[in-house]
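Next up, some structures in structure tokens.
In what follows, subunit A forms one complex with subunit B and a second complex with subunit C.
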Partner chain A sequence: MNPATTNTAMQEFWQNLRAAPRRIYETAFRSGKPVTDRTRSSFVFGNLFLHLHSVRTHLWSLRWSTTMGLGIASTAAFLITLVTGILLMFYYKPYPDVAYDSIKDIHFVVPTGRFMRNIHRWAANVMVVTVILHMARAFYTAAYRRPREFNWLIGLGLLITTLGLSFTGYLLPWDQLAYWAITIGANIAQSPREVTDAVGITEYFDPGGLQRLLLLGSDEVGSESLIRFYLLHVMILPLVLAALMGVHFWRIRKDGGLAKPEDADARLSGRERDTYPVFTEQPAKTYQLAAIVRGKTEVVNRGPENTVPSMPHLFYAELAVLMLTMLVCLALALVSDAPLKDIANPNIPENPAKAPWYFLGLQELVSFSAFMGGIGIPTIVIIGLGLIPYLDRERTGTGVWFGGPGGWKLVRQAVAYGLGACLAVEALVIRFGWLREWFPNVPQLIVTLINPATLITLLYGAYSVWLVKRYQSARAGALGLFTCFLCGFLVLTIIGTWFRGPNWVFYWSPSDWPRH
Partner chain B sequence: MKKNKYLLLASSLGVFVLLAVAAVQENFLKDWRKIQATAKTEEGPVAVQLRQVINRGLNLSDRCTSCHVSMGPGEQNAAGPGVLTAHKPVVHDPAEYGCTVCHGGQGHATEKDDAHGDVHFWPEPMIPVRLSYAGCGTCHIALNAPGRDGFRRARGAYERLDCAACHSMDGRGGLLRPDGGGMEGGDLSRTGISGYDREWYGKHLRQSQQAARGPWKTSFAPITQADLELLATFLDTRVGAPKLVEAKSVFLSSGCLGCHKTGAIGGDDGPELSLAGLKDPALMDFTHVPGKESVENWFTEHFRSPSGTVTGSLMPALHVPPEEMELLNFYLFSLRRRDVPVSFAPKDRVRALQFGEREFATDGATIYGAFCSGCHGADGKGFRSPGMPAFPSISNPDLLELVSDEFLIETIRKGRPGRRMPGWDRDGGLRQPEILAVVGYLRQMSGVQARPQPAPTQALPGASAAGSRIYASACAGCHGPKGEGAAGPSLNNKVFLSIATNAFLMETIGRGRRGTTMEGFRTPSPARQALSDNEIASVVSFIRSWEGSKP
Partner chain C sequence: MTLHPGPTRSRLDPEPVPRRDMLGLASLWSTALAMLFGMFGIARLPKAAVLSSPSKKFRVTLPETLGPGEVFMPAGRKVALFRDAEGVYAVSTVCTHLGCLVKQAEGGFECPCHGSKFSADGTVTKGPAPQPLPWLKVTAAGGAFTVDEGEMVPPGTKVNA
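Right, the complex of A and B next:
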């Protein structure tokens, strides 16, 4: 080998070594800086984590009033709980009593442990709130309509999984709060017994007992329940949630992005825009894979007008929502510690023992009838929610807040009716009692069928039917019913949270509670 | 679209600021960090880090030493502000045994309020520092403790005989005196645990006789047998926790065990007290308790007015001076026995729990004080408490003269079913020798011996209208129309009827009981005529007629 070649090879080696950092960057981000339309596009579709997004985003979707960022906020809250949750798993030990000690250690000794636990707790609560609000947003903008019907169902699954995650996390600290909240939850699971007892078939057919057993893994809340809840909380439910989220996001993309009104482009026109036309003529074909896919997808025959590159416009918005959510969680975590009461003690029941706040509305109903409040009405509500997109197949008002016949005026009335009906029934029950107080010997089945919970449901249902007739529109009925149920949820949750004391008696203020 | 960009900037900056705040809180603002920064040793400042005492045997990890640095292992010489003061010398070095085992509080915590347990959700706040020695009760059981008076007499003998001239005890005494008296004798603080030479008196006496001058000559003199016994009692109570023993002696004179159990011994009427020192203030009702919401205040108020703090309480109020109130409080705080591994169980505990040794001295006075005086009074005269039936006088000479020892023994053994007097011949009750000791104490206290009664001269007539009539007019007012008792004791009690002899009943009715409202019916009073022996016999037979019927 002659020296000259060696020399060149060495030179090349040095050059390559010096170029290595630059090359690593270039090979990681192959499309180069996202400055042109082309590189901005490839920035999105060339990235595993971003390619669920469309390369261009419609301006309508970017308006804050369209989504208020609630879906991204839910996702952000989930990511925050995921990260903090994994950190907490390093110290948490899922065994009774030891669990409590490990939370104490996290609180007092683990560096930033208390902060992480607070963030985890607050992000979980934020997630429940944003998921519910996100559902309300999707409903009120009629975003569940064709072709997004099934995504609405996925969303419903996400809501239930979120509540399940929050509820299973509740037991883990193994304190009095956790223990008795889960005991309440388990008793709700057992509530079909109210009916089987009344009919006298519990001995042979006991779905309630089975549900409770499946939930707790034993007759009492104990180590079996704790390991069960832990596994659900850290593995099974997060995986389910992640899978559902994947489908949920993917479907948004497949369904043509967020729901927009038919005249979205017209509504946006005339406003000053920093977009420019991509095509000068109406395109005649799809720019997706429509060439090989049968049927018609959402973007066929539509030009990318009124769209902007997702990078950076959409990502600024999404990241802003993520950071805002983080800001809220951090701020709450700094000012308010996650609760930790005495160590769980099966001999000293909490009175009142309360479920997590988002179940207190249900607990209020359970106090009227365990079966109706715990199983009957939630089932009706979930089935009702699931059926909405299949019953309302109208087209008017899609993508517009409170769109559809009746509109905002109807919703206002429904708010008044929903709050009024629920408050009136509650006031009646709190002041005068119910069947059991009036006729002590009334059979349990009658109370199960006729109680404040079913009465409220009936009032709401009747109102909704009346709306369908009045407006000749299923959407109008749905608007009324959904609004009513939101109001009922609100009223019942507030009463359950702040106005129920020992033995679930009504008190204006906790300072009026009897002391022992 | 610029808006979102600025929003992202602003929210990111906000998150950054909050993280910075959290970081400052975590790294600079923790109290224990500030305290440790002020600590100094001869080698310079101490390393600022979380400190803890770990004792695997007792299953504790106490972080108290993060602030109380000089109480931690190997840190005894750290000096600085008050919180850094070293623990005073104790048998159980906190660097080894940890803190919470004696003091309570929350060992896991690293912040003052949490650690001291002054927070809402920590069930076991620290024992007030004044009462710290109550913490011994976590593991120890002071055995053979005498009642208050016995204890004071014994301690008095020790003081009077000036043993402290030479001997030190609990940090007092044993110093040479200016006048040349005294010398350094052994430390007697823990003679109750370590034991001591039972031949000490003979040895002391010999030394004293052989000495020509000096402390042996001037400071020691022969001691009477009675005083020797008192000294023995006193030395047996020396377990290194003088105040705890004194508190226990007060407890044992307050009659609490008549209704409450500690260590599975005592009455059943009141709640178990074995774990009273672990009471959770969050579960207590402070509505009628003045001052701070502390367990201590609650106990004090409860002693003063039992039914004021616990609705429907049947406990009579305690009328004791404030210093005894504090000692009772002290003793209750010491009732906090924890499970400890066998290797940590002290001898006294093994003797009490495994070998069934008594926690209290088994002389009549102590047992009477502990079990009987709560209802019958320290002097046996009984008392009345508002809202409760009268507690009968049992030291009444008329009673003690009429009843035999067997009557008293049977009464104590079987009690009065249906009344508050429980039977003591049962698990958790008293043993036969102890009951005999109580009867002996009653006799000794009152100075009255039983005088055998001649059998009644009259044969009892059958149940007659006359007996019933006389009972209704003369007796039913106090004893109830059916003998169920009202202001006076119940007469239809089966156990009572089975123990009481006819002679006893006849004589009691005839003579009455001085000092009570029960008058003698053989003598006339302004309100009625005297009853003849025949009439009394008919009343007795009427009372007897309940024997077969309901209790």
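Right, the complex of A and C next:
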């Protein structure tokens, strides 16, 4: 063998070895640094994790007031719960005799365990808040309208899954709070019996009993229930949530980005200097990959004018929201510990037994009727929310805050009405009681049908119908109804959280609670 | 078997039910049906056939001093026992509203969770509870009594030792 050749081969080998780190980097990020519009574009569509975004983003979408970053904030909160949740799984044991102790271990022994649990708990709370606010944003800017109707439904699914995740997580510590809140929750699932019992068909048709049995895996809250809630919390619901999130994000892209007003470009006047025309002529085709397929996508029939590259404009904004969400969760986790009461005791109910705050509005309603408050009215609300984009087929006001007939003036009025009606009914009930106090022998079916919860719903519904007639617009009715329900949710949640004491009696302050 | 060729058709005048559609639809629907039956099996599993809860029957000896109008609540059980001239009876202490345990209160029971009130015989007097507290089966067992928390009896059923 020629020594010279060996030498060259060896040299080449060393050269390649030295270059290996750089080559690995280059092959991983093939488009190079995102410094030109071209490399910025390939930075987005060449990356699996980024390509759900479009390459360019409209300036309207980047305005703070368009979204307030709420969707990204809830995604960020989910990612935080995902990471901290997986960490908690290292030590948590889902069996009744050790679950409580393992949470205590996490709290007192595991390095950073208490901090992680606090972050997990606060991120879950932040997620619930941001998901609700995000829905309100999408509603008030009429972003659910064509072509985004279906994505509104997916969003509704995400809201329900988020609440489901919170509810199932609530049992896992196996303390008094958890045990009794879940007992109540499982019995709400069983509450269709209130109706089937009243009409006497429970023996043949018992959906309530079946729901409770499926949820608890037994006839009382025990080891079977804990493992079921654990499975739902760490596996089934996160998978559902992730799948729905994927569809949700994908649809944003396919529905032509975020909703914006018809005259968005005109409203942006003064900022066009940052952008330049990408297509000098109206594009004849859509940007669909399968351009050979006939028909158009829902994407606007315009060129992407008034857009800027998503990298860096959109991504840096998203990162900022992510960091802000993280900051909020960390700060809350530092100042406030996740609660852990005494170990679950099936013989002594917690008094008062309160669910997490976002379910206390519901708990206020179930204190009138288990079925109406826990299943009937929530079902009506969810169906109503789902129908909104299919009933409001109008075009005016899309992409504008409080857009549509009536506008901000109507919403202000609806806030006053929504708060007033709910407070009035609550005051009446707290002061004078309800049917059973007045007529002790009133049949249960009457109480189920006519109770404060259905009364509030009726008052809201009537107001909404009046608005539809007054403004001759479904959007006006929806604006009123949505606002009313938000206000009702707020009032009931506040009453349930701060003004209900032992035996669910009304107290002006917890300091008035009887000692026992 | 002979094939009888039908009238010749052009591409513009296709068969009424194209064979390819027929086969495609058949495979599609058979897949859907198979999936559906699979779902039945999957849905069957989480519905427990045997419940893991401990036995609901227990034996109890009433205190000698238990007089009419007084209540005896055995520890660890969800039952209130009474004794009067007509005999012994048991009332469940699980609230019929949302399953909290009722506590003894003036004139009967009250529920800590949503404020339902019951009289001593289980009748609802206040609050959201949709049903009266059920009476449970009691059998005399040689001076003591056996209570079955899983079996209801009509209110008014009393047992003598």
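The rule is simple: the second predicted complex is superposed on the first by the 497 of 516 C-alpha atoms of A that agree within 3 Å, B and C clash if a C-alpha of one lies under 4 Å from a C-alpha of the other, contacts with A are read in each partner's own complex, and residues count from 1 in each chain.
The criterion applied here is as follows: a contact is a pair of C-beta atoms (placed from the backbone, for glycine too) under 8 Å apart; a residue touches a chain by one contact, two chains touch by 3 or more.
For clarity, every value in this text was computed on a predicted model and none was experimentally measured.
Judged by the touch definition given at the top, the superposed model places A:E12 against neither subunit B nor subunit C.
Of the two partner chains placed around the shared chain by superposition, subunit B and subunit C are both touched by A:I348. Contacts of A:D101 after superposition: subunit B is touched, whereas subunit C is not reached. By the touch criterion defined above, A:A331 reaches subunit B but does not reach subunit C. Once the two complexes are laid over each other on the shared chain, residue contacts for A:R436 go to subunit C alone; subunit B is not touched. Contacts of A:V505 after superposition: subunit C is touched, whereas subunit B is not reached. With both complexes superposed, C is the one of subunit B and subunit C in contact with more subunit A residues. Contacts of A:E224 after superposition: subunit C is touched, whereas subunit B is not reached.
Residues 348 of subunit A lie at the contact with subunit B in one complex and at the contact with subunit C in the other. On subunit B, the positions that touch subunit A within their shared complex are 1, 4-5, 7-8, 11-12, 14-15, 18-19, 21-22, 25-26, 50, 63, 106, 108-111, 114, 121-123, 280, 282-287.
Of all residues in subunit A, only 62, 101, 104-105, 107-109, 111-112, 115, 175-176, 274, 308, 312-313, 316-317, 319-320, 323-324, 326-327, 330-331, 334, 340-343, 348, 515-516 touch subunit B in the complex they form. Here subunit A touches subunit C in the complex through residues 180, 183-184, 186-188, 191, 193-194, 197-198, 210, 213-214, 217-220, 222-224, 228, 347-353, 363, 366-371, 433, 436-437, 440, 444, 447-448, 502-505, going by the rule given at the top. Residues 46-48, 51-53, 75-76, 78, 97-101, 110-115, 124-128, 130-131 of subunit C touch subunit A in their complex.
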